[in-house]
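As written, the chain order gives the labels A, B, C and D, with residue 1 at the start of each chain.
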Amino acid sequence: MGKLLAVTIIIIAIASAVPFVMHTWEPPADVSTHGGLIDEQMADTMIEAGVSFLAAQILLGLFIWQFSKPRTDSKVKTFPGGAKGLVIAAIVLVGVEVLALGAFGSKAWAAVYFTPPAADAMPVQVQAGQFAFYFRYPGPDGKFGPLHPEMINEGNQNLFGLDPEHDVESRDDVVTAEMAIPVNKEVHLLMHAKDVSHSFYVPALRIHQDFVPGLDLSLHFTATKVGTYEIVCSQLCGLGHYNMRAYLKVLSQQDFDEWMKKEQAAQ
Amino acid sequence: MTLKHVFLAALATLAAVTLTAAGPGSGTITGKITYDGTPAKQKPIDMSKEPSCASQHPTPITTETVVTGPGNTLENVVVYISAGAPDEAAPSAPVNFDQKGCQYVPHMLAFQTNQELKISNDDQTSHNIHPLAKINQEWNKSQPPGTPPIIAKYDKAEMIHVKCNIHPWMSGTFAVLKNSHYSVSDKDGNFKLPNLPPGKYTITAWHEPDQEMTQDVEISGSETKTVSFVFKLKPY
Amino acid sequence: MATTLPPPKPELLSLPERRQNGHSGGGQNLVPAGGDLRVTQHYSPPASSSAIWVAIAAICMSFAAFTSALIVRQGSSNDWRHITLPSVLFLSTLLLLASSVTLEVARRRVAAYMGGATADIAPSRLWMYLTLGLGLLFVAGQYAAWLQLRSQGLYLATNPNSSFFYVFTAIHAVHVLGGLAGLLRVIRKLGNASLRRSTLDATAYYWHFMGVLWVYLFLLLWLKI
Amino acid sequence: MHETAAPAVVHGPPTTFLSKHVFSLDHKVIGLQYYTLALVAVVTGMVLSWLMRIHLGWSSAAIPGLQVLSPNGAPGGVMTPEYYLQLMTMHATIMVFFVLTTAPFAAFGNYFLPIQVGAEDMPFPHFNMMSFWTTFTAFLILVAAFFVPDGPPLSGWTAYAPLSAIGKNAGPGEGTGQVLWAAALGVFCIGQLLGSLNFISTVLDMRTKGMTLARLPVTCWAWFITSCMGLTAFAVLMPATILLILDHVAGTSFFIASGLVLNDQLVPHSGGSTLLWQHLFWFFGHPEVYIAIVPGMGIVTHVLVTNMRRPMLSMKAILYSMWALAFLSYMVYGHHMFVSGMNPFSSLVFSFPTLMITIPSTVVVLIWIGSLYGSKLRINTASLFALGFISMFVSGGVSGFFLAQPSIDIMLHATYFVVGHFHMVMGVAAMFGIFSGTYFWFPKMTGHMMNETIGKIHFWLTFVGTYCIFMPFHYLGWAGNVRRYAAFTDDFLKPLIPVHQFITVAAIFTGAVQLLFIYNLIYSRFRGPAAPANPWEGTSLEWAMPSPPPWNNFGGHDPIVYHDADQYGVKTASGADYIMQNSPEQALGTAEGD
């Protein structure tokens, strides 16, 4: 039965690795400027993790195979090198390797979080609420009008709580339910939560950031490929969490301008 | 069914008929709801988040907080007798409230206390019905597609704002009223309260979110009185 | 009656060391239930004396969590309004500190009694009751402080500072009540001569810790950091 | 050598039914009570997971009979999204608190810790009894959430504020249900604090003569380390739950920020901190994960060393690694919050200790595997589960390489990759530890042997089944499948539904297999052959007493300990290859070959 276990463990280990090796299931193709570093980091980590995983499982299997045989002699043997060798192996082969990986990975993290947005980045505000994202563009004046939470009324689509009657800046603000951005143009995303915690996850853009109620965060990114992508919420926000999404349209500058005109007309 | 039951049922039917059918000497109040000022612009609703609904509206529907008709008429105003008429038992027929194309049909639903309310989901997606009752018991239920209708009742009169938490643009109102004398203005702003026995009445016209106007009317005999309400509307 | 116990027998005072061979033994150090008070002092299981430090560590951890909550909450918004602490708190702080002194006096007297230095247990019980009384007064003082705040219109939810004030004082008061229950237990055991030295010490440490904890909380709330 | 005849009496023998079986002071009875509670909880949690899995595979399918259980949650048998989340919250809370914390730690720890240190009982039996009954009360409070009008909370076991703090306006179950949830956890903390206090004191003060710290069996160390973690972790969770309840019932604003709008209504709270809850919760939450797994590591080491018939290559390395894990567990909690909006510098700061966890984990795994080399491995159900534990621990552990890095977390945060990771490493691995411990100690606890054939079938089906369930979770997460979704309606998730359906089938199958285990438990408890005192030829003190042990463990005498618990693979005069801890016999040499 020991042999069967050994074989089972090794088969399971190899079978588990196959979909990763074959790229059966993959994240959507990257369309951001910063995503390359993340993908590289994922690939490197996959190699490290895959080798550790297979080595450990196969070694486990082999030893079970070998030493579960009933033996008549009373002798036991000790692993060559003893514990010391294994501890050193753990520290050097796995620990140092993984820490180095982490150190290199901070570069990818820094590319997202430790760089300021470009001065000419296009500001877009996103508001997450139960259970939809809404976006706001500042309009021709380049200014966002102030928010008045008490005025929020979804029934008449005052989704941000704008007060155009009193706030001049609000009058030209463009509120939309889908997000459109021009391709190859940096976007400065201002994140606002209406009610509870949400998250802004765009797998194709390699962007993932929680909304924090009471604390407006910002992100910046550049999309490099025209297309339609999904923005989903990944932070449990209530019963409609699964249905909380919006579409991100990456458009050519010309298409974007047209889209903006159409949205402005609809305000 | 025993004879007694048959008898009682017959008696009840008779009573109902005398109460509701136009007996001699019952009056009618009709009228038109109009507005003054500039109504708020109704914005188109972008349903791209729910493709199965968005595809049902080739041209986007708009919000329905103020629905106007030609000649400054105002739709979806509930007109009811707020004083002067006795409280009535609920009719046995249920009222229907549908969710279709991620929209409430009707937008304004008036019914009586303890009357059965039947809520159905005609869409391919889960809806959530969250009537924000303040006087009645508040509840919040989701309704996956293909599930039986939700049956509910309210035992106190109240104007209840109804929301779908999954689709935030969905908005409607339950007008829970104490008697059967009510009417919701149609697209020409018309309403009609028939079968009123003689008496002094206070009639109230209510428009969302919380605009309310009242007028006193006296009915003596089988007359038809016309009453108009003019709501003041602001663009914001 | 405990007060009529005879003086210790000399042979009982020279029992072997409690800890041997560099490790702490366990079960063999237990004494028969209801054993003689004079015997138990040497055989006392040390469990309660280490357990009390474990318990104190856990309580420290809880209040560290509360403290960090206070600091984070204070920084998270500009709605923090400093409240003036009710003046009765200064008095109750003194009461609690005084109770620590009286308990320490009581503890030393019991120790002296157990060690055979004195045969009179009555004064130590008096000091115990005094501690108990001061402890009760402290809790009453906290209650008075709450009333004082209420009269100023400061309730639990009025502002974050008052929220933390009520939470801190209430949770501390619950712990003090636990200490009072421990004191009552000690007094009862002293009465029927089943008190173990380690129980007494553990209760005393806990009580002193309540004092220290209160001073810490008081400063935290008073200093308006 | 004679045994010391100390009249050690912590408490007398039980005299009534109540004092024997219900309000027992006996650590063994309390251990069995904890085990039973865990068994009830795990069955509940597993049924919940079945319902969730069916819904995830076929989200519009009606589950027959569900509409009777919950007319609101499943009209016509079709689960509503909120009911899915409510079941998910309850599944996680029940599993984490009432199974993974109670079974390997409170149940086995209570039963065997005093025995293994050679004590008659824990030092504070009344606290011990209170510990169980408060935990039981906590379970009742939690389950009561099913029976309140709006049902249990839907905010997940992490209960992120402000969703969990605002009240019923935030969704069904967020009113009374969430308060019950928080109260249950607060009460649970009290129970575990009392338990930890007892465990720590037992190890420090109740060891018998000769039982030096160095001679403690590895399980004692594992429980001791777990208690130290539990003491600090639960002491932080309790304040958090108190503040959460106050936000609900007293109108305070600890966790609720200003200007929040729900259902077009302004929430009447202001200024609270959203991240405060996450910090408090994860400061508890990460050690909690180790509270679930470290006892399992101890049990597995104990079972393996007995069945390998040779000492571990280095028991010290395992012990130090467990301490290192416990220590690191407090420094890494921020890795749950990489994209939560906390300062991105802190993410990097939290990342490195997290990556460092690989070192002690790898050391333990390599010592286990290295010790297998040259051993005389005995294959029985207990050792099969112990070996399965290693395999699962490795599988669940390597995915940590990814999740420890903030940059990769951007892609994998809150996806099924995380779900696969923690289910494997703290769910399945910990369960394998529990199974291993059960098959190993059942003879001692009941006096009956368990049926090995059923046990082995149980192992094989469970081992393959759990891999079929949890490996695909990683593939889903890799493709960006967000967790905690009641249905998959997004374009990029729809193609993954067949994978979910496969997982559902595997989960139902594997769950059904567990009935074999329960049957085996019940059957063997009454019909199993009588167990000898030392069926596995073990060395630790639990094997030096009859099966099952008498109420006062060692019959009123304290054993004297002469050795550590690793005296396997030795030459003895009697020809046995082991020496028990309480045997004064000295080894004639090791039986080590070339």
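Rule of thumb we're sticking to: a contact is a pair of C-beta atoms (placed from the backbone, for glycine too) under 8 Å apart; a residue touches a chain by one contact, two chains touch by 3 or more.
Here the structure is a predicted model, which means the values were calculated and not measured.
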(request) Find me the chain with the mean Cα position closest to the mean of all the protein Cα atoms on display. (result) D
(message) For this structure, which two chains share the highest number of contact pairs?
(response) A-D
(message) I'd like to verify one number: the distance from the centre of subunit C to the centre of subunit D, where each centre is the average of its C-alpha atoms, in whole angstrom.
(response) 34
(message) So the centre of each chain is just the mean of its C-alpha atoms; given that, what is the distance between subunit A and subunit C in Å?
(response) 51
(request) Averaged over CA atoms, how far is the centre of subunit A from the centre of subunit B? Could you give it in whole Å? (result) 46
(request) Just give me the whole-number Å value for how far the CA centre of subunit B lies from that of subunit C. (result) 66
(request) At least two other chains touched by the same residue of subunit C: list those residues. (result) 76-77
(request) List, in ascending order, every residue of subunit A touching at least 2 other chains. (result) 129-130, 153-155, 214, 238-240, 243, 245
(request) Would you please write down the residue numbers of subunit D that are in contact with two or more other chains? (result) 80-82, 171-172, 257-258, 264, 271-273, 275, 487, 489
(request) In the complex, go through subunit D and note every residue touching subunit C. (result) 4, 6-10, 12, 117-120, 123-124, 193, 196-198, 200-202, 204-213, 231-232, 234-236, 238-240, 242-243, 246, 250-254, 257-258, 270-273, 275-276, 279-280, 283, 558
(message) If we count contacts the way the header does, which residues on subunit B are in touch with subunit A in the complex?
(response) 40, 42-50, 63-65, 125-126, 128, 142, 161, 163, 165-169, 171, 208-209, 235-236
(message) Under the stated contact criterion, what part of subunit A meets subunit B in this complex?
(response) 129-133, 153-157, 159, 163-165, 176-178, 238-240, 243-247, 266-267
(message) For a test of understanding, state which residues of subunit C touch subunit D in their complex under the given definition.
(response) 20-30, 32-33, 45-48, 50-51, 54-55, 57-59, 61-66, 68-69, 72-73, 75-80, 156-157, 160, 163, 167, 171
(message) Quick check on the complex: what are the subunit A residues that touch subunit D?
(response) 1-2, 5, 8-9, 12-13, 16, 19-20, 24-28, 37-38, 41-42, 45-46, 48-50, 52-53, 56-57, 59-60, 63-64, 66-68, 71, 73-79, 82-84, 86-87, 89-91, 94-95, 98-99, 101-102, 105-109, 112-114, 129-130, 147, 149-150, 152-155, 161, 193-197, 199, 201, 203, 206-215, 217, 230, 232-243, 245
